[in-house]
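To keep things simple, chains are lettered A, B and C as they appear, and every chain counts its residues starting from 1.
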């Protein structure tokens, strides 16, 4: 690598032109990618405003006239909100349970010394290697035995269990990196381990916890395989299952199906917009490392 | 830490444990409101089982009974019709509530076994008889209806009852028996210069060529749902083998006769002529605007080999809800020159309901009402299928379905679709084998081998 | 960092006064506390993860349809069947195909976009928002939408025709030789944002001073990228690649909804075929065997990856800026 300094090399007309082209190309490519992302979603949204006959006749086209009945009828029917409620219940409970159990376990694994500590930690990392799909068949039978089928807890408990490895792996180094002086000081003040955990460690770990929480909400909201297997009764179905149900039930009404799909996107999108900075900050704080 | 702190720790321990205990105990009481009420109602001894009258007689029972019902009419208007029937029954039996779960046909394969295995199986569920029902019966999930229905099964066509019988006992009640045949667009046929339905397979191939020349997609097939392609092979097999060899093959799991390879060869002849719509390998059969039935309904393909439900499925797939209207015609599967079979032998299927082991007597009583001449006549008149209760088939007015019924009356043999005649696993393998030929991956001999392997595994 | 952990460990060991007396006293109470913190997670994990995994291995030795009693032990019969099953080996090939494309196409694109977004420019936040959006949408919704977009003579075909690229129109989902590639594109569409965000996070970790030093030394953009940025991004790249690879092995939802593994097994993945056999065709023993094989493949890959690729990161060498 040369050590020669070359001042002024950025100001020749040639390089300025090159930079201009560079910039145009740069924006063009970015806009193209953005278009690739936005267009399919836009297609879903707009198609919801058309009739199925219009869609069949001309798959690509703007709504003309704008039909709002697809959207309004879905929003006023019970099934969308029921699925929404099911998804929300499962997502909230899963996330809370994940945060509580994984932070407690990570705390024990990070700041206590005991025999078999590494073994326990490795046990959890083992879970990272086996996805839900590997265990789904026996898990289904197990849930049947525990009478947890058609029950939100049949979705919540396994989801939390399978989310533990990732959360613990993220949190443990985080917890370890808290300086021991703080814990010393807390002990000096007469704080119990639980008090330290609850009053100091958790608040200090808010970025990591928020990231885990947000990712847990998204994962739970969009989960497909586990709810598909566990929930038979359509009344218990979550939104992704409801999209599929709707597609099967109103199969001939493509426009309405797309309207339902669009509506099912909105809660996730709103949540994402609100939590986006949190996700980025969390991932960026080095919470996800090797 | 001091002693005092230790006490606080213990209290906190209890608090945390208490919270966790609360969280977990919530599951045993089924606290959330989105869970449907249990399907196992408590049946009081005083609930009287009504006798064999056709109309719903008012019951003197006082205990509240809930019946769960899974049927496959998950689209209107069929869905609303069943709801109406349920409402009529519950109006006459105020203590009975019927909870309906319309389920897509494809989903029955995954959802039903799971549900039957769960703590809350549906009381009444769709059944197609044959091997699938046998598996469920063998596992002890199905109620023996022989005694409960003895007084009224004589009102049903015997040919329809037999697929639901095992070891001489009745395990299901049919309401529909139909045949697979060709649904076609009369206008497109005329435009291509076809004046009469093809009498032989060679005529059929010639007609396909004429349609291609006229610029229409001759045949719509939704091979993403592999059961539709299987119809073709099954009919050709029936034509080549004849009813005796077919019945023997099914009963002894032995598809080794060369006529089964000939069926595949005939099919290959058709596939090589490229008569299907673009992208047929990924087209669904009946679901949505891209499905094969939708293409037929909207005039984009000239014919489809499908079951008797076709008109009721076609309607909603068109903007005006009327399907092809009077442009729709029907003709039976042609004869195959040199084959042993005749045109009075058909591939067909049944629709019926089975009852789960611990369902209440009201479930059977409801089925009695459902299969009454009155209800099924209305059902048939609306064009949903071909009812099987004697006296109800006169309600069919649709000319196409009337033709189907007369064909049914002439039939000397009806073979249940092979994927229903065997268990789910074997049925799927059979459909898959034929799909292999449609995809150009399996030769006729290989298809025969694959089916032979599947049925003997 | 190292000293921190050592201090923490000392603390955790309860050694405050550096004599041995605290050790014995603390063991009972601390054991209870450790148990309290650890038990909920451990219990959930054992019941809902470990036990089913062990049961999968157990069931895989039987021929069983889930309804009848569990009596038909066939030992390794299901595994033999899986190896002979051309559809299962085909499914494995499809997963490998996805893995290779992910590493070769999807990751570089995600990285390039992250590099682009790491420069300050107007609209950067908006772009970042947009690119991550597909990740938050459910596979069911995405599958339904793309199914309609990709239909013959559907929106995609019409757009291609309109811009003069009509000769490139294919049967995206019906062509057996093309369907897996099409699915790869849809899968990437959904997940590229996640990888991109990981890379972005890694990029922000690289201190400014290093870049400045490089440009003072006269390195141009490409050289800085190759000799500074990428090496420093190493740990992040290795993590992103790992996650992407594991994800490729586990693909289910989108394929299930869009093609169900068709046409005629052209797009089967290990999980879709396993679900088809295990649930739809109620061959639970066989399905379990395939699940075990899937788990074994993932395990071997992870162990090898950890040993050979991630080892340098764990040892905390030059690349520990992310620490």
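As a convention for this text, contacts are C-beta pairs under 8 Å (C-beta built on N, C-alpha and C of every residue); 3 or more make two chains touch, one makes a residue touch a chain.
Treat the numbers as computed from the prediction; the structure is a model and nothing was measured.
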item: Chain contact graph, described as a line, ring, star, complete graph or other shape; value: complete
item: Pair of chains ranked first by number of touching C-beta pairs; value: A-C
item: Chain A and chain B: spacing of chain centres that average the CA atoms, whole Å; value: 38
item: Chain A and chain C: spacing of chain centres that average the CA atoms, whole Å; value: 14
item: Chain B, residues touching no fewer than two other chains; value: 9, 13, 16, 114, 117, 289
item: Junction residues of chain C - those touching two or more other chains; value: 33, 36, 40, 66, 148, 151, 153-154, 279
item: Two or more partner chains touched - positions in chain A; value: 187, 193-194, 229, 247, 254, 257
item: Residue numbers on chain B that touch chain C, as the complex places them; value: 6, 9, 13, 16-17, 20, 109-110, 113-114, 116-117, 135-136, 138-139, 141, 223-224, 226, 278-283, 289-290, 424-425, 428-429, 432, 435-436, 438-439, 441
item: Interfacial residue positions of chain C with respect to chain A in the complex; value: 1, 4-5, 7-14, 16, 30-31, 33-34, 36-38, 40-42, 44-45, 47-53, 55-56, 58-59, 66, 113, 116, 127-141, 144-146, 148-149, 151, 153-155, 158-159, 189, 197-198, 200-201, 204-205, 216-219, 223, 227, 235-236, 238-239, 246, 250, 252-253, 257, 271, 274-275, 278-279, 284, 287-288, 291-292, 294-295, 298-299, 302, 310, 313-314, 322-323
item: Chain B contact footprint on chain A (complex, rising order); value: 51-53, 55-56, 82, 85-86, 89, 97, 140, 144, 147-153, 187, 190, 192-195, 229, 232-236, 247-254, 257
item: Residues of chain A that touch chain C when the two form their complex; value: 1-6, 26, 29-30, 33-34, 36-38, 40-41, 43-44, 47, 59-60, 100-102, 104-105, 107-114, 120, 123-124, 127-131, 133-139, 141-142, 157-158, 160-162, 164, 168, 176-181, 183-184, 187, 193-194, 197, 218, 221-222, 224-225, 229, 239-241, 243-244, 247, 254, 257-258, 261, 264-265, 268-269, 271-273, 276, 279-280, 283-284, 286, 288-290
item: Residues of chain C that touch chain B when the two form their complex; value: 29, 32-33, 36, 40, 65-68, 147-148, 151-154, 171, 173-174, 176, 179, 259-260, 262-266, 276, 279-283
